[in-house]
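To keep things clear, I will list the structure first and then write my remarks on it.
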Amino acid sequence: MRILISNDDGYLAPGINALAEALAPIAEIVVVAPDSNRSGASNSLSLDRPLSVQRAANGFYFVNGTPSDCVHVALTAILDYKPDLVVSGINNGPNMGDDTLYSGTVAAATEGFLFGIPAIAFSQGTYGWEHIDDAARHARDLIQRYYDTLPRPCLWNVNIPNRPYEQLNAVVATRLGRRHQSEPVIKAKDPRGKDIYWIGPPGACKEAGEGTDFHALAAGKTSITPLQIDLTHTSQLSALAKALA
Amino acid sequence: MRILISNDDGYLAPGINALAEALAPIAEIVVVAPDSNRSGASNSLSLDRPLSVQRAANGFYFVNGTPSDCVHVALTAILDYKPDLVVSGINNGPNMGDDTLYSGTVAAATEGFLFGIPAIAFSQGTYGWEHIDDAARHARDLIQRYYDTLPRPCLWNVNIPNRPYEQLNAVVATRLGRRHQSEPVIKAKDPRGKDIYWIGPPGACKEAGEGTDFHALAAGKTSITPLQIDLTHTSQLSALAKALA
Amino acid sequence: MRILISNDDGYLAPGINALAEALAPIAEIVVVAPDSNRSGASNSLSLDRPLSVQRAANGFYFVNGTPSDCVHVALTAILDYKPDLVVSGINNGPNMGDDTLYSGTVAAATEGFLFGIPAIAFSQGTYGWEHIDDAARHARDLIQRYYDTLPRPCLWNVNIPNRPYEQLNAVVATRLGRRHQSEPVIKAKDPRGKDIYWIGPPGACKEAGEGTDFHALAAGKTSITPLQIDLTHTSQLSALAKALA
Amino acid sequence: MRILISNDDGYLAPGINALAEALAPIAEIVVVAPDSNRSGASNSLSLDRPLSVQRAANGFYFVNGTPSDCVHVALTAILDYKPDLVVSGINNGPNMGDDTLYSGTVAAATEGFLFGIPAIAFSQGTYGWEHIDDAARHARDLIQRYYDTLPRPCLWNVNIPNRPYEQLNAVVATRLGRRHQSEPVIKAKDPRGKDIYWIGPPGACKEAGEGTDFHALAAGKTSITPLQIDLTHTSQLSALAKALA
């Protein structure tokens, strides 16, 4: 199996290193990741400037671009074959509910999915990298256990609780939960007295009931949410068609 | 009616100026847009640095951030009320099919939608701003004609052909089409001989049949695609639940 | 006379607008300036990405680059003639003493100087743009009065007190003063709890005696410091030569 | 001896790694360098956003800022002592003549100098890192041989030919040479058809006679140019004073 690995925390992050180390024994891996932290990058692509690709001492490629840029460049310029799987992560912190929209981790996997390759985004439920090696080993287990039966095409969003490997045994299929609207920006002053604004933390959970990713993680379980990327609001479509007729 | 206007082409773009001018007679408008072109920004948020807000001579606010940043800052720091509508655009070029995922124009509207406000993204079907004033007048018509009957919540993705106003009379409800995977990156050398990579153009249409936004624009019609943002792949969910059980 | 105007506060800054307005009656002017604030840019050049040039409604060109980039692009790509003078500013705040090294305003003038064109950097002694139109009118007077007798080549660093035009009558030739080392960085935490560091304010004056630019401004006078750009420490050179022999 | 090391090619560059390795046996070293390549940064300081400091596995600190930012943060926030020496480099390619003004390598050393610390900038005469370990060993020799007799304050700009260590035996005291004005920008089109401009290569030598750094390197010798940072054009000053009187 040949696996392309990317992320949004940058190629130096503990999460991508743990994932690469865990997958190396079961696959031929190539890592192509941003040169620095691009959290919150969503699906953004760099259209107004060219990208550079460099290679670190450990063989990882790094790109001065977004997660989507990295997978795009990897698939159309670095690799001369189509990998069997694109994985992204392991992210420092969760990507659940509406946050999935903003996630560079999910975006990297989505780019692979758009090229027709099965893709999985991995995130840890809590910030701080605790038990990251356990999460990586668990991620490898999931790939080994389910790769052959993945639907094609396939885009999975996986969130893993920060727990020792032995306690990572519950895995549930989930839907994305919902958040309340974000907290307001945080207004401050820079040292020269100018007003500045920091994007604030996400809002509290709004829909976190049974069956959601929020609910799974709160119960210490790994959530797998199968994703699709067609944003069409099918149920509003026919009413609109009537209104416009 | 109070309308917040943003875009991803930057506050100086002809599209946002035309839109602001067209809407000023029917609403109290506030413009908060990026300081420069942020096409391809998708839903990215600036988390690692603070934002600054400035005000241009014409009253437009501009922010050194992404489209999502702009709407976020507008709704939580600049405005002391909740606007009745968030509009984004008019974008220089189309936002249809899968491209919607990468679109900063749609992202700006999405940010408003996430705050519970009806939101509409407007784009022109062809690059180059031809007939932009006609498009803006047409956008105003759509708002006036449909605002009262919009479902709540509501997120519309509207693409308008580049035509004289008199020929903008056909409006259809559509679903998002699909593209083939993107063209490969374009490899070049910078003047110092270093390899550089430009993200290439989007792929050709793959699913552009009757009922899609691609089909509508090709026929010279305005498309309205109602969007939702829940990426859960509902139809794969139950199979996955069984597999994991 | 044909004058190229640039700055480091960006093409929208009050200082460059005042300067352009004051000079338009006496010269053919072209403005090429950064698209946004680039204070502290020093002589930096953008080598790893290409630049774009756009034109604003008022005819000003703006570039997504540094002050040095702007003058470089203007002289080698935008203008098809060699201007008679390059001016930069009027900067929001002083550029005196060691700060001159970090100044994008002085850097823009320096770039013109390196192309063999007389060049003048203008700054206001105090932040906040008070009396900016008076400063611009005073700058025009200086150009009209002294242009014909400027040494060739010539690079002037001019600081103007924030005063009504009638009180701008004292102009003195100065040397650069000296500052004590800068204040320490200001350590803070971003809203996610991460340590961040802001570059602090410049240090207090160390050498601000009679004859320095600091002394002139403190006395309400305009300072003109003629600059050169050869950093060779001539007086240390012969001792070093002996030591190495 | 305690040495602070920085550069402008980024903390991953071969030049800073070679220098750190060569100096570790003779001093307590701390490396604080940009997170990515900042060539051409000159003395620029980041004033509009805060900086982050991270630490790599090998103990090097890296900062999302310019060379000047790095040394500034190191001296006022990371180190709790004043180092005995600040060195910068070894740069990938020469910093001679007027180019010194644009050099981030020299700027990093200058920042140390402004804090009253002896400072040396090291560059290799030719791009490509050939014989970088030899250059680093030679740099160590220069420090060991001359540190005790350096004038205080002191700012040296050293360029080392790309040669085997055994052939690095000629060292001369030089003044900065001069270049002809830069080559014009290189105009190109991006893949979307938009005009873009690349800053072109530096001009040919204009003043490269005996005694200059250009001359020394052309003869296969290491050049040491003692620098000062007072840009006042002393010889024009008195004439100007008369003119203004």
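Per-chain numbering from 1; labels A, B, C and D assigned in written order.
FYI, a contact is a pair of C-beta atoms (placed from the backbone, for glycine too) under 8 Å apart; a residue touches a chain by one contact, two chains touch by 3 or more.
All figures in this text were calculated on a predicted structure; none of them were measured in a lab.
Summarising the inter-chain layout, the chain whose CA centre lies farthest from the centre of chain B is D. Between B-C and C-D, more contacting C-beta pairs join the chains of C-D. Work out the mean CA point of chain B and of chain D, and you get 46 Å between them. If each chain is reduced to the centroid of its CA atoms, chain B and chain C end up 40 Å from each other. Taking the mean of the C-alpha atoms as each chain's centre, chain C and chain D sit 23 Å apart.
For chain D, residues touching at least two other chains, in rising order: 47-48, 50, 52, 190, 192, 198-200. Considering their complex, residues 37, 39-48, 50-53, 66, 68-69, 72-73, 76-77, 98, 100-102, 104, 107, 110, 114-116, 146, 149, 151, 154-155, 157, 171-173, 175-176, 181-185, 187-188, 190, 194-200, 224-234, 236-241, 243-244 of chain A touch chain B. Residues 12, 35-36, 47-48, 50, 56, 64, 190, 192 of chain B are the ones that touch chain C when the two sit in their complex. On the chain B side of its complex with chain D, the touching residues are 48-50, 52, 186, 190-192, 198-201.
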